[in-house]
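Shared between the two complexes below is chain A, which has chain B as its partner in the first and chain C in the second.
Now for the complex of A and B:
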């Protein structure tokens, strides 16, 4: 046996694996880094952060969360966010589901035009529509109203919701609907008893996606809501932004209160989200 | 149980631009098992769907037990349908699938449960009642689809190629199961298939369709033995009836390589001669041959051998021989038959010429 063959050698697949791991480590640091930094700052005071922005938190100021929740109105912001997002997501699921069911199942006049009109709205950036929307909300008495914000959220997320659900509904075999018709059910009953339950993976996807997006929504909320007791969580950070002084520590604490529910949703439901998005992609 | 009557029923698409089904006249008697048979695109499924109420009827009239059904929605026709894909509700258990239609009509949950249990027991599904369709085999799913139809005790059962997704062995056993079910329920059943074996073995009568029209209706053996047209002759039977051009002479029908002795046609009359492969037999006597030619192919199927004979026509003439056949490749072979089994068709229209037109000489 030669000396060369006895020396340890790294195989090509081992090198590829090492390169992949290195890439994953760098990418994880890149994406998780800001989150970890904010999480770290949320447990430190603004004075500690000013002294050393990147130091580890010690001691841990958990009392900042209680202070934000109780003294800085975060409990109100949180329940505003919950009520607005849940209402919007519920409406989106029902209206989007019905619309998608119709687009996928029925042939009707001007179907293409209606489809185009709904989807044409997504090509405009929100910055373009927000001024006009502001005026409309004022005219209809919906400015500074939680109901107004719910309606706006429903309208901005409806096209994508319909798009995802319609693609799924279209793949449900029409025999199922016909069997239900012969079993004696009306179109309305078929929607509730067949379409929605069968499309549960896609429904879950839209619910999770809309919840995450609307929970984090800032632009429409900041323009349409100015009263403090109607603010949502993303607007809560404004409370710590003064003209002269920024309470960076409390901003980080507020951000963590806003972010944690989204992270939890993603951690527990990401698999279902991916399933819904890719359902049917591979037979 | 019910009588289903289709009177000049038609279906067109695009404001009459495409006629999928036209002028269909069928009366399906009470308790009859009627098979709609035909190749893909012949309109058999469309006809069934019109009976079900899943397609609108653009012409004619459909009635069930004398009541006009054209405008009656599917849910009010009191029919049950078994789909090719089974159409089981994937989010429901077998029990819920079976009871889904019944719940709509019967509010009493205890009665629904009792009926579902009865039907599940009768078709061997009791142990699968709490499973969902994805946890069942193809045959079990098929039985659930069947049970869903039975449980409602409808006036008419409709089947849209329900066996086509099953493997060959399961298809044979399910075929027998369906025949047993029909005998037990004595219900009116309409069954769509493109499989002639299913049609021949299951149907009280067969309705053969072609290009949206009814080509022939009759008992399976009647249709097989006396096809109404060259289409039916060539569609039914595997291999199908041999069709070849022939000309009448003073003494019989001349095929070019042989003749059938007899009288009936005016000399010089052109006909299409039809002979079933199993009605032909080899003979050593060239003088009595109906067809003579060279053996170009031999297909041994185990129980029988198909002998392909090149006799100067577009297609070879096929003889269905026994397991052992004396024919060898490239041999010249003479084939004869009982003149009574010969069928004649008009070469222009393809329609059958009455069998009593020709009287063959008995040998």
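Now for the complex of A and C:
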């Protein structure tokens, strides 16, 4: 290869490289820019933001976090979200684990029908449940109740949880169960002492996935909860927006309080989280 | 799987676990019956009744369905939602393929980029909605500030306030959220491709575009189709984002079926849960036929190709 024949190729690939880099830079700005902006605003006062919405935060007003937390019922919303999400996730893990174990290990009549019924709900538009659910919750006395919301959350995440766990349980070698049975384990002990511990990776995947999705859930919460002291964080943030309409700096702080826990979970459990979110998508 | 032992064992297997099966399945079935099946049936029942507070439900036959047929807001909402569900999957998956290729080609800082691109999907729509309302703000929003900075003053406009741009602006937001997710899935599919195939393409002196078009994309086809269906289903449900940002305004330009159902059921003082239930039921069948149609279409194509 002579230098003459090589130089056009280099410039062509150089051009391609430049286009690629430009694409990456633009997309990254589009993707991450909004976070950088809201993070910087969360540390600035509204007066500073009004003067220039895009300046760097200086000095850092960390005290805004304290006042957003204390003056706007954020502690209540946060506590509600934490307790509702944790209870729902705990129930989901046990109930979903039991059902998944059952699907993976036993053969029984109507198994296909039950399986189909539960999984067909994945494509249901939520509108088709939400009105009936509202009436039923009023009938049950579970309207405006945190326990009611927990049960609803269990029901909406149940199909995905069973789906992920069942796929994992089905791969546990049958010999393990046979050995346990010969050792005199009861069916329940087999589930509790063998299936669950062996499936710990899959379980942690569903736990993290459910935590994030329910932490962000809005539609069912807005329909089923109207009392202020029972609101979850997304409802609280929206209410906060209504109260502070012009106070952009304060709302930015409120948004950051909602963003940070999710980002922390992502930082610590990114692989598990990605596994959970993509579980249904890879064929 | 030996053939000698099963009969006796199977009988035992069947005799014993019936109790266990019931125990294991019962909690899930109860939750399913009480909080999914029953509400759905109730909604179907509602759709042929007039449901007004403090009065027994009144059978009205298919009156709601007839009314729905001429409800122009409903059809506008259907049109908007279908537009969303048709455009967003294509945008998301196309951009995601390009992004995945960048990471697949091992550009520098891949790990950081993956985090930056994936993070939006983790946010709650409430947070995302407020954030993007600011970005689209006419006076000080990031988009208009940028346009003005580039000397395109005349392009600056109230993005969510104008009927022509509102829906497109919201589609850009869901694309922002979901592209990174699609990218991660596609990257996983690409990484699991057998390296021999790519090396063979390399030997044949394939250009990068033909390598992508004739080798990589056909191989990850099932994943791509799956992502398109998933994104389609997600967009047919879209509620939170619209509710937080525009509530269907301006002039029904961003009204989706979900927001319309919510308005008719819980916001407008019509005090009737029957009509919104009818919308939900009709919408249920539209979504169902959409999903079945897409699945059928993709199957059909697969058959033709092989």
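We adopt the following convention: the second predicted complex is superposed on the first by the 234 of 283 C-alpha atoms of A that agree within 3 Å, B and C clash if a C-alpha of one lies under 4 Å from a C-alpha of the other, contacts with A are read in each partner's own complex, and residues count from 1 in each chain.
Here, a contact is a pair of C-beta atoms (placed from the backbone, for glycine too) under 8 Å apart; a residue touches a chain by one contact, two chains touch by 3 or more.
Quick caveat: nothing in here was measured; it's all calculated off a predicted structure.
Asks: Tell me which partner A:74 touches in the superposition: chain B (first), chain C (second), both or neither.
Replies: After superposition on chain A, A:74 lies in contact with neither partner.
Asks: Should A:143 be classified as contacting the first partner (chain B), the second (chain C), both, or neither?
Replies: neither
Asks: Touch test for A:168: chain B only (first), chain C only (second), both, or neither?
Replies: In the superposed model, A:168 contacts neither chain B nor chain C.
Asks: State whether chain B or chain C is in contact with more residues of chain A in the superposed arrangement.
Replies: C
Asks: Report for A:37: first if it touches chain B alone, second if chain C alone, otherwise both or neither.
Replies: After superposition on chain A, A:37 lies in contact with chain C alone.
Asks: Looking at the overlay, does A:269 come into contact with chain B only (first), chain C only (second), both, or neither?
Replies: Once the two structures are laid over each other on A, A:269 reaches no partner at all.
Asks: Considering only touches as defined above, state whether A:219 meets chain B (first), chain C (second), both or neither.
Replies: second
Asks: Which residues of chain A are in contact with chain B in one complex and with chain C in the other?
Replies: none
Asks: Taking the touch rule as given, give the residues of chain A at its contact with chain C in the complex, in rising order.
Replies: Per the stated touch rule, the residues are 20-21, 23-24, 27-28, 30-35, 37-38, 53-54, 94-96, 98-99, 101-102, 106, 108, 114, 117-118, 121-136, 151-152, 154-156, 158, 162, 187-188, 191, 212, 215-219, 222-223, 233-235, 237-238, 241, 248, 251, 255, 258-259, 262-263, 266, 270, 273-274, 277-278, 280-283.
Asks: Touching residues of chain B toward chain A in the complex: what are they?
Replies: 52-54, 73-76, 79-81, 83-87, 89-91, 100-101, 104-105, 148, 152
Asks: Okay, in this complex, where on chain A does chain B touch?
Replies: 173, 175-176, 178-186, 194, 197-198, 200
Asks: What residues of chain C sit close enough to touch chain A in their complex?
Replies: Touch list, chain C to chain A: 16-21, 23-25, 27-29, 31-32, 34-43, 45-46, 51, 95, 98-99, 102, 107, 113, 115-127, 130-132, 134-135, 140, 142, 145, 176, 179-181, 184-185, 188-189, 222-223, 226-227, 230, 233, 236-237, 239-240, 243-244, 257-258, 261-262, 265-266, 273, 276-277, 279-281, 283-284, 287-288, 291.
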